[in-house]
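Pasting the structures in now, so scroll down.
What follows is a pair of complexes built around chain A, which joins chain B in one and chain C in the other.
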Partner chain A sequence: MGHHNEVQAKSQAQYEYDRHHNAVHMKKQVVNFAIMIFLTFLAFAVVVADFSPYLIKPFILLLAGIQVVLQLYSFMHMDDKNGHHIGVISTYVWSGAMIIFPVFLAFVTIIWW
Partner chain B sequence: MEETKFTPQTWPNHAEQATAEGKNKFVGIWIFICSDIVLFASVFATYLSLRNQGPAGMEFSTQSLFELPLAFVMTMLLLTSSLTSVYAMYHMKNYNAKGVITWMAITVLLGLGFLGLEIYEFRHYVHIGFGYTQSAFSSAFFTLVGTHGLHVIIGLVWITCLIFRNAKRGLSLYNAPKFYAASIYWHFIDVVWVFIFTVVYLMGVLG
Partner chain C sequence: MSSVAVSKKKGFGAVLWDYLTTVDHKKLGVMYLFAGVLFFAIAGFEALLMRIQLMVPNNDFISAGLFNELLTMHGTTMLFLAATPLLFGFMNAIVPLQIGARDVAFPFLNSLGFWLFFLGALFLHLSFFMGGAPDAGWTSYASLSLYSPGHGIDFYVLGLQISGAGTLISGINFIVTIITMRAPGMTFMRMPLFTWTTLISSSLILFAFPPLTVGLFFMLVDRMFGANFFDHTMGGNTIIWEHLFWIFGHPEVYILVLPAFGLFSEIIPVFARKRLFGYSSMVFATILIGFLGFMVWAHHMFTVGMGPTANAIFAIATMAIAVPTGMKVFNWILTIWGGSIKVTVPMIYALGFIPSFVAGGVTGVMMATAPLDYQLHDSYFIVAHFHYVIVGGIVTAIFASMHYYWPIMFNRTLNEKLGFVTFWVFFIGFHLTFFLQHFLGLMGMPRRVFTFQADQGWDLFNYISSIGAIMMAIGVVLLVINVLLSVKTPPVNRRDYWGDGRSLEWSIQLPVPFYNFKQTPLVRGFDPCWLEKQEGNKEMMTYAEPLGDIHMPNNSILPLIMSIGLFIAAFGALYHPDGVSWSVPVIVIGLGITVLAMITRSVKDDHGFHVHVEEVIATEEHLYGKGGNK
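The block that comes next holds the complex of A and B.
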């Protein structure tokens, strides 16, 4: 910890730019949140609306998928290129998901009785 | 331990990853999350295989048990708590320690609201005879939703400890990664819940 003592002050212009950038980024996050709320609302609404389950099930699973990707890339900052080893992390997340999916599929298709 | 005292002008843009320890925590929390995904995939698969399975003539089914309004309120509470922890991280970027503590505290309150509703729901099920050992269905249900609930409890204890420990400390390169890791973990809890409300509650009501 003590090795990181070279403190650099930002110029006033840089400081104001960064603060503005942070505020703009936060606004984007609120928009993402509004989209997530909308997707949630839509998912509950189509179930209450009583359409055919064969139509609704794939649709709400798709909505869940979109919402999770949104959550990962906006709230969990996977879109941040400056994240330490972020390339390794995304590879790990997606290859993990691709490995576990067939396992998951095997469970729900073979063990179904 | 000597600590650099920062001002908003000297606070780095990626304070949570400015030190080696911060970088390690960042990668570490993600590796933990990836292994946690495997855990949840297993309990999800178990639940999907065993739902509505039990003794012949069992009166409990996903359609008779689940109430959408309750699931909807719980979803909104948890989703909103995800946004409030984003606000905490926004204030961390601006070197506003008070903002971080305040928004983290709001996150904890929303999380407690969620947990209270979940306890109410579980109590209700046990009360009407749908206990953990009632059937394969009930065991799978309580294991899946309970594992998520346990994660919520751990997250609440974690963030509460952070709040009390750092309430008067101000922000530093030492505690910024701690807040950051906790917020990533909290978002992950919300990610899991998105699948729970879709797969367990919505698809359960559909039958």
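The block that comes next holds the complex of A and C.
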């Protein structure tokens, strides 16, 4: 069993490009991470502030939805336009969401209202 | 493994080892097929015993308890362990050939999927010898199954959990294969219908099996580790099981029937010798059926008491499915219409399929009418309906495809004459069995009863129904005889066995070499084999690359070891509620074996091997004689 041990020298331009690219990427990830922490804080805040459950429940569900999308796009690389088969991946993720959303809706509105 | 065993006859041990470790999609297809036939025969035998019991009123051929076990195992086995693997067999054997791939995307996972399915199925069937089979119906509704004594339900839960994991793995594998492994030129809208339906039904597996896994896991911890998800006295809710089961269970019937539609969409144009009518509407209908299949699960639960709003919405959604299905039926008829029809065995199954399946579909729309369903619920009408759909739709597709694809899978042929006899015996038996059950249902005979009183007007129809079941059994025996006889037929050794093949798999010279295509084909349009033949191309294929080294995956025993680990762990979980001291160690050892095998797989790099040009040429010469594949 041979291991892949290919080493390729990077040119200076490539090195600088990668460095800049990584820095931009890192910044985006940190910002997204901060937003997610803030959203989590908001979720706790509405509970501690003792709002009506009719506000708290939909609000937390909405935040959960936003968190999932952020997670998928920023940390699981769905925002990478040049990724392999990114179109197919988006189609699957969103059609999965489209399938499960009416199921969820059916439960909260007509089955166990 | 890098040297091809050209022209060497292998001993029994070597062949066995080859099959235990194989990652070749064609061999796994054959293994799925034979495993499926085995469980189909077992479940069919169970059905025969039930029909003998119901042949005459007040019969005491089998006891009520055994009847419940047979009924449960018949349904569970037929759906999870017979229809699914039989269709997986054809998907494995044919889909990579149809899209011009040398194997599936994850050959290792393909093997793992098979062994998980097989050992899960074996585990479930051991219940017969280890204190009684599950007896709460294939739906295993929670309140009934929670209080079922003995270990039957535990076998059901653990066996299906293991084999369900295998199905999910295989489903994901097919999605990735079809999306990423298509040959140059094989665009989405040039894919054969069987590949399309495999893609959609694998997607349904991806979205439908997780709810089943969750439901089975709840049941597992409820029964074996003292949780209370379904126990209403402890704050649980028994209806949750029904929802989880049917959110899986309704898509499951589309998971099975869509590939069957795909198979008929392959067979009909070939023997009508005409392009498939309305290809793009067929694709659209397939996607639409897949989508709507998720929106209708509660139509199995109209009588649970969800209220008029829910019942009305689910009734309308259910009726909507008839629209895309109707599109498909009209497309098949219009493909046949005006064609130069050749009635071969696969074609006669297709011709028998259309009216039978439509009959099942029409009763489906009747039951979708919620008020009428209150009358029909839990009666023999339901039994007649779903057997019309499953036998008339899926089983005929499987039998037709066995005849149709046998040359590609085995380089042998099934006997046509015996095939026609099989068809008529089976087809007449099928209608005798299930047509009259509609009327038994309307007369009020409830389903899942082990016997009935005489002189309620049910005696004659039940008797005829049982005669039909015996005819179906004879039909299956004839098919098995046909399979055994095929061993003695001369090898096919040519392309395009049926003479009118359209899709890429018919362009391949038989027997198919283990690397499928010596050069990756270039697909220049829809129905590539037909296209090349029309242009007088004797090789029936245009190549996208020069002859070169071929990269193939290595065989591995690890999938079998991983599956055996889970198989062992399942016994620990099964006996845990008995309070035996060895249950936890057995669980730990079993899971340990699986995890160790997974670690081995992760740590050890396996890059496969290359078949060099000289070996390719040698293999071709060995298979096709001097000069190779020319």
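Rule of thumb we're sticking to: the second predicted complex is superposed on the first by the 97 of 113 C-alpha atoms of A that agree within 3 Å, B and C clash if a C-alpha of one lies under 4 Å from a C-alpha of the other, contacts with A are read in each partner's own complex, and residues count from 1 in each chain.
One rule holds for everything that comes next: a contact is a pair of C-beta atoms (placed from the backbone, for glycine too) under 8 Å apart; a residue touches a chain by one contact, two chains touch by 3 or more.
This structure is a prediction, so every number in the text was calculated from the model and none was measured.
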item: Touched partner set for A:Val93, first chain B, second chain C, both or neither; value: first
item: Of chain C and chain B, partner touching more chain A residues; value: B
item: Which of chain B and chain C A:Ile111 touches, first, second, both or neither; value: both
item: Partner chain in contact with A:His85 - chain B first, chain C second, else both or neither; value: both
item: Touching partner for A:Leu42 - first (chain B), second (chain C), both, neither; value: neither
item: Touched partner set for A:Pro102, first chain B, second chain C, both or neither; value: second
item: Which of chain B and chain C A:Ile56 touches, first, second, both or neither; value: first
item: Chain B versus chain C as contact partner of A:Val31, first or second or both or neither; value: neither
item: Touching partner for A:Val7 - first (chain B), second (chain C), both, neither; value: first
item: On chain A, the residue positions that both chain B and chain C contact, one per complex; value: 1-2, 4, 84-85, 88, 92, 96, 100, 103, 107, 111
item: Chain A partner contacts - residues on chain B that touch it in the complex; value: 1-4, 6-10, 12-14, 17-19, 21-23, 26-27, 30-31, 33-34, 37-38, 41-42, 44-46, 48-49, 53, 68, 72, 75-76, 79, 82-83, 86-87, 90, 93-94, 173-174, 184, 187-188, 190-191, 194-195, 197-199, 202-203, 205-207
item: Residues on chain A engaged by chain C in the complex (per definition of touch); value: 1-4, 84-85, 88, 92, 95-96, 98-100, 102-103, 106-107, 110-111
item: Of all residues in chain C, those that touch chain A in their complex; value: 175, 179-180, 203, 206-207, 243, 247, 291, 294-295, 298, 306-307, 309-310, 313, 604-607
item: Touch list for chain A against partner chain B, complex; value: 1-2, 4-5, 7-10, 15, 18-19, 22, 25-26, 29-30, 33, 36-37, 40, 43-44, 47-48, 53, 56-57, 60-61, 63-64, 67-68, 71-72, 75-77, 82-85, 88-89, 92-93, 96-97, 100, 103-104, 107-108, 111-113
